[in-house]
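First the structure, which I've put down as structure tokens, then a few questions once you've had a look.
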Amino acid sequence: MMKLETITIGQQGNANPLELRLFHFEGHKSDQSAFIQANVHGAEIQGNAVIYHILVTLKANPDIVRGNITLLPQANPLAAITKMGTWTLGRFNSVTGDNWNRLYKDIFANQSLDQFAKKDFDKEQFKAYLEKAIDQKLFALKEYGENENAFLNLHLQKIAARADYVLDLHTGPIACDYLYVAEYLTEKSKDLNFPHHLIIPNEFGMAMDEASFMPWVHLKKALENSGKTYDIPFESYTLELGSEEVINTKLALKQAAKIMHYLLKREIISENPLEEHLILETPKACLLSDYKTYYAPKGGLVEYHAKPGQEVKKGEILFSILSFEDPERLLEEHKAKKDCLIINHTTSGNIRKGMELYQVMENYQ
Amino acid sequence: MMKLETITIGQQGNANPLELRLFHFEGHKSDQSAFIQANVHGAEIQGNAVIYHILVTLKANPDIVRGNITLLPQANPLAAITKMGTWTLGRFNSVTGDNWNRLYKDIFANQSLDQFAKKDFDKEQFKAYLEKAIDQKLFALKEYGENENAFLNLHLQKIAARADYVLDLHTGPIACDYLYVAEYLTEKSKDLNFPHHLIIPNEFGMAMDEASFMPWVHLKKALENSGKTYDIPFESYTLELGSEEVINTKLALKQAAKIMHYLLKREIISENPLEEHLILETPKACLLSDYKTYYAPKGGLVEYHAKPGQEVKKGEILFSILSFEDPERLLEEHKAKKDCLIINHTTSGNIRKGMELYQVMENYQ
Amino acid sequence: MMKLETITIGQQGNANPLELRLFHFEGHKSDQSAFIQANVHGAEIQGNAVIYHILVTLKANPDIVRGNITLLPQANPLAAITKMGTWTLGRFNSVTGDNWNRLYKDIFANQSLDQFAKKDFDKEQFKAYLEKAIDQKLFALKEYGENENAFLNLHLQKIAARADYVLDLHTGPIACDYLYVAEYLTEKSKDLNFPHHLIIPNEFGMAMDEASFMPWVHLKKALENSGKTYDIPFESYTLELGSEEVINTKLALKQAAKIMHYLLKREIISENPLEEHLILETPKACLLSDYKTYYAPKGGLVEYHAKPGQEVKKGEILFSILSFEDPERLLEEHKAKKDCLIINHTTSGNIRKGMELYQVMENYQ
Amino acid sequence: MMKLETITIGQQGNANPLELRLFHFEGHKSDQSAFIQANVHGAEIQGNAVIYHILVTLKANPDIVRGNITLLPQANPLAAITKMGTWTLGRFNSVTGDNWNRLYKDIFANQSLDQFAKKDFDKEQFKAYLEKAIDQKLFALKEYGENENAFLNLHLQKIAARADYVLDLHTGPIACDYLYVAEYLTEKSKDLNFPHHLIIPNEFGMAMDEASFMPWVHLKKALENSGKTYDIPFESYTLELGSEEVINTKLALKQAAKIMHYLLKREIISENPLEEHLILETPKACLLSDYKTYYAPKGGLVEYHAKPGQEVKKGEILFSILSFEDPERLLEEHKAKKDCLIINHTTSGNIRKGMELYQVMENYQ
């Protein structure tokens, strides 16, 4: 019942291919469908271990599949293979510097949906309309050769356009689990049982989650222009699954249990065989404007005292900086400016002035 | 009369400094001032050789200086020192991937100038108002530590804010000389005597030239909102001075002669001692929308048959691709899709599918 | 009593300096001297935290200093500042690829010590003779310009040549504490109280420890050629202090206590104020030929099940590899080939076929 | 008659393959065979264009093939695909820093050939003996997983071991054509008609040419130990074909004509269809000890005044350095220390103190 589809998405200068592997599960008891991709950033590999558990579970339990599920581990071959030193340098295209999760398109940004919105339509018709618009953009790329950045990301968007639920699996640098949630999904997102939520505006910021929900946001506006109300039936999220460069299959089992639970809630599967690994959580959430970044006040060697997931009070020590510039002031402690919850910190302890150190939630609930 | 100002703009993890050197020339016969920086991208070094000639000429001829001139060679220490293999990897921050010439801010993007525009003001007052707005942004950075990307670029913008004419010296990859010209400067730009002009909208695209003229564009709109007409007295340009990684002092002398000629036209100097090296040119120009990029249709080894500055007819060979994938089709020739003028091509002959090959002007005049 | 010496060791293309900071403590009650450097590899920063504790302790207790102690944290500016992505790419020169700890010279490799050995001499005379030989090599570099690789490393060797005890502080990738010990130092090395010893031959492998002891090994041979026996009074070690990219000041305190204890044993200090933090250890040791590297048998995502410091029996699981190439064989477990003790594993979980995974001790005692 | 063989030589972390393409031509009129590989360093691509011409010529003229010819363009997939910025970073393994042309093995370094040399043997038997020794090393790699550096290079050595003539096609940075010639090949090498020869000792320096001839050098020594004289029938060379990152098919035609001429001289082909493109040359040669490198005396922007292939007299200007450190000394000229012939210079104009600038031949004839 599982189908493996291999797509050649690029070609190296020596003609070696860059290939994607898509795993499709088709159910015929529901029209709901999900797309789950992982590892668009090369070092963010934990999502692959989560997909591994989902894949194995679905293969072993074919009868539970009601709708369609497409799994895409290692979604960005070029990012996955770009290694510098012992680490994976796959956050941006090493030739252009472009961040792989900022290369998606707002498909209807310059195309009015007012005409479309005036007609009667169902969800599948809008998805087909969207897919056609993406196909036109893919076709337009051909004229002068297909820009590799645009090409990969549009392809991923096209796959996502067929789904009703899109989950993009990332990780932070050294991080706890957290979720990017569009404002309009504040309630529905709770079904994912993530411990920390960052509430982002219903706007385009070039990432996959936004690129996926923006067509529906535009549609809602067009309908409202015609005086209709509309409750967006589509959901997309960025899931941050811990730290870079690490896979941990035990942890992945718990994370997979949450995603399977979500698929169950959305009636794409009829049962969650991983239920025993499910941990229900009430999220702590803050607005993106309350998501703060601490930057290094000077160059030096940074010791990170606060750990991801930890709550820190104003005035408590966050980090210290060791510098040999001034022998009278070798080690300096730096404190939290406000009460906060640590979401992640940078991977390196060797830091220039002005590099990111911590990202924290303030005014969270 | 020349003043050297050294600014520490950053600090490495081992406390070694990142420093800028600014060279100031002050004239008291004019209120016109110019700011010329080079090498914001690490590999684009030819502008430094141009600044060298201007600096030497001004030092040797102090009496010609009427207004203020600030020269900033090697404007981006971090970019200049980032080397990978034998080349300079300084187009983007090697930690974040951010392109150094896409990190400037549109200072008045979210701040209405309507109030300011209602008052009587002169140019110097607006420049002071702008500088104060930049200072506020710099101050705001301090709260959680100064993000290194924002910090450098805001500093450069602050220096630029004091000038009436801002020249940002870049190069292409393997390229001829060309100039980015804002629409409102189509006429005035001819004083720079560049052979090729790309006409860009009066809009913000995150580069230095745009960041410098946008406050004035916002001001003009605010004045028009009040029913006044306004001719923007400010000019800024990006000058592309040939190819990456090369300095050529003979060529730089001709390029410096053009800039000195421009300063003479703007009454910042009273005479151009490099006049004998000046070559007057009538530019070929096209709109940015007619500036086309050819991408590699497949992976392979690319031979660039057309050279920067060359005019190519539709159907003539632009490049060929050598690939050993299919022994029956080793070498493929690729032709121009339309008549065009070659502006630049990529530095490498080892190319993935979808990488940039050529940038060309179409429909130019 | 502490003297800070700043040395400019290099210069960037934009004239920004590369600087070393040396901290000297001079005692006049002993002719024994130690040189301790850290961070020759850019990402191996924990040694700096150890030096911090030693420095602070010596400053606070000037009376305990009997001999000379030179501390050099962040000994390689160029390595320290080379960052790619969020990590430090400082294991090798990013231009040439040369590993910074394989660039030292075997000073007397091509110079017979037979003549020198025939004369009466004391230790200080040999050290002076060695330093002079290094100076000649430094001088010879000047003829065609000083190769940056040779220049830095010869300078460090020159500083080391003045000492009787040289400690080069490194770290592994993700690692426990371990020590490289020359065969002739098998007994004496126990004073460092390191838990794991790798016994290396008394030969030159281009690293600092070897470069430092080789002159003495050559001297011993020359003396033996003259029929004399000789017990090398010089010691040098490479200390591996845990994992890359991390500083941990608490752990560093324990590591510093061991080094201070060693300095006490060598009568360079008269007392160890960090004694309370000292943990005495009986080392497990193996020969370098029993130090084995496991390489990835295929490309994939690697989960490291065994941890540094852990003893693993033959047949127990070391690591597993997740690959989506064959859906029937997604996750493969790989077992220890022999009983072993885990010393370190690679930092990344995203692995090509043939990359290093683990380094382990076999046949250790 | 041509056979294409595809070998999977590696696998990325996402299971994408690294593949070689070998082109075999078999003639049955001679037992002489040649192996020609190109592009072991990722940016050194011109050899591929040379192989293209040879391949096309042999395909079009199958009757001229007398012996065996194996062509391997793009011989190092991992190097070819490692790009940083717009350039190819393929001189060294980006994870380990190891230079790809310093990873070959001296197969018989620790294995006496005295026994073998005592028996009667012909050339083919020694080649088979050598190949078996390589196979044993490849087999030994399997025990703990095949180290990717050793694995690729041993494979290339194994292919080379079957040939009588091995040509390894490289390029310099910005360079003229030159040839590395083992001392014992000083005369025979003239058949390659290269303009510049660097005479290297009959010793192992870890490159392909040396790794290929060393077994024969060891054999000669073993035979001499038995009192026999031996004229090594084997030849291997490193050919440097101009500059990095460029393919030029016209130039490649002339270079291919020389190699075809060499194959004709060695009776591997019966005719050279490219004879019309052949340029006969009398080489200028020097010893490796007279091959000098100029290093940057300070950091700055370097203008290269002397061009590859050019003869420069002592005291003539080689390069100048532009630095803004000292306004009184902006541009410094640097002169040749001795009469020399320029072989290559570095690709970048942005230079740290101590980086390579020029490589030149002195005392050449």
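Order of writing sets the labels: A, B, C and D. Residues in every chain begin at 1.
Going forward, a residue touches a chain if its C-beta (ideal position, glycine included) is under 8 Å from a C-beta of that chain, and two chains touch if they have at least 3 such contacts.
These numbers were taken from a predicted model, which means no experiment stands behind them.
Undergrad: I need the common contact partners of chain B and chain C, sorted by label.
TA: Chains in contact with chain B as well as chain C: A, D.
Undergrad: Sort out for me whether A-B or A-D is joined by the greater number of C-beta contact pairs.
TA: A-B
Undergrad: Provide the C-alpha centroid distance between chain A and chain B, rounded to the nearest whole angstrom.
TA: 35
Undergrad: Need the CA-centroid distance for the pair chain B / chain D, whole Å please.
TA: Spacing between the chain centres: roughly 41 Å.
Undergrad: Using mean CA coordinates as chain centres, what's the chain A-chain D distance in Å?
TA: 46
Undergrad: If you look at chain D, which of its residues touch at least two other chains?
TA: In chain D, residues 12-16, 21, 74, 80-81, 83-86, 88, 91, 95, 301, 324-325, 350, 352 touch at least two other chains, as defined above.
Undergrad: Under the definition above, what is the set of chain B residues touching chain C in their complex?
TA: That would be residues 12-19, 21, 39, 74, 77, 80-81, 83-86, 88, 94-95 of chain B.
Undergrad: Considering the complex alone, what residue numbers of chain C touch chain A?
TA: 2, 4, 21, 23, 42-43, 45, 48-49, 52, 55-56, 59, 73-74, 80-81, 83-89, 91, 173, 244-249, 301-303, 320, 322, 324-325, 327, 330-331, 346-350, 352
Undergrad: Touching chain A in the complex: which residues of chain B?
TA: 10-16, 78, 91-93, 95-99, 143-149, 151, 292-301, 323-325, 337, 350-357
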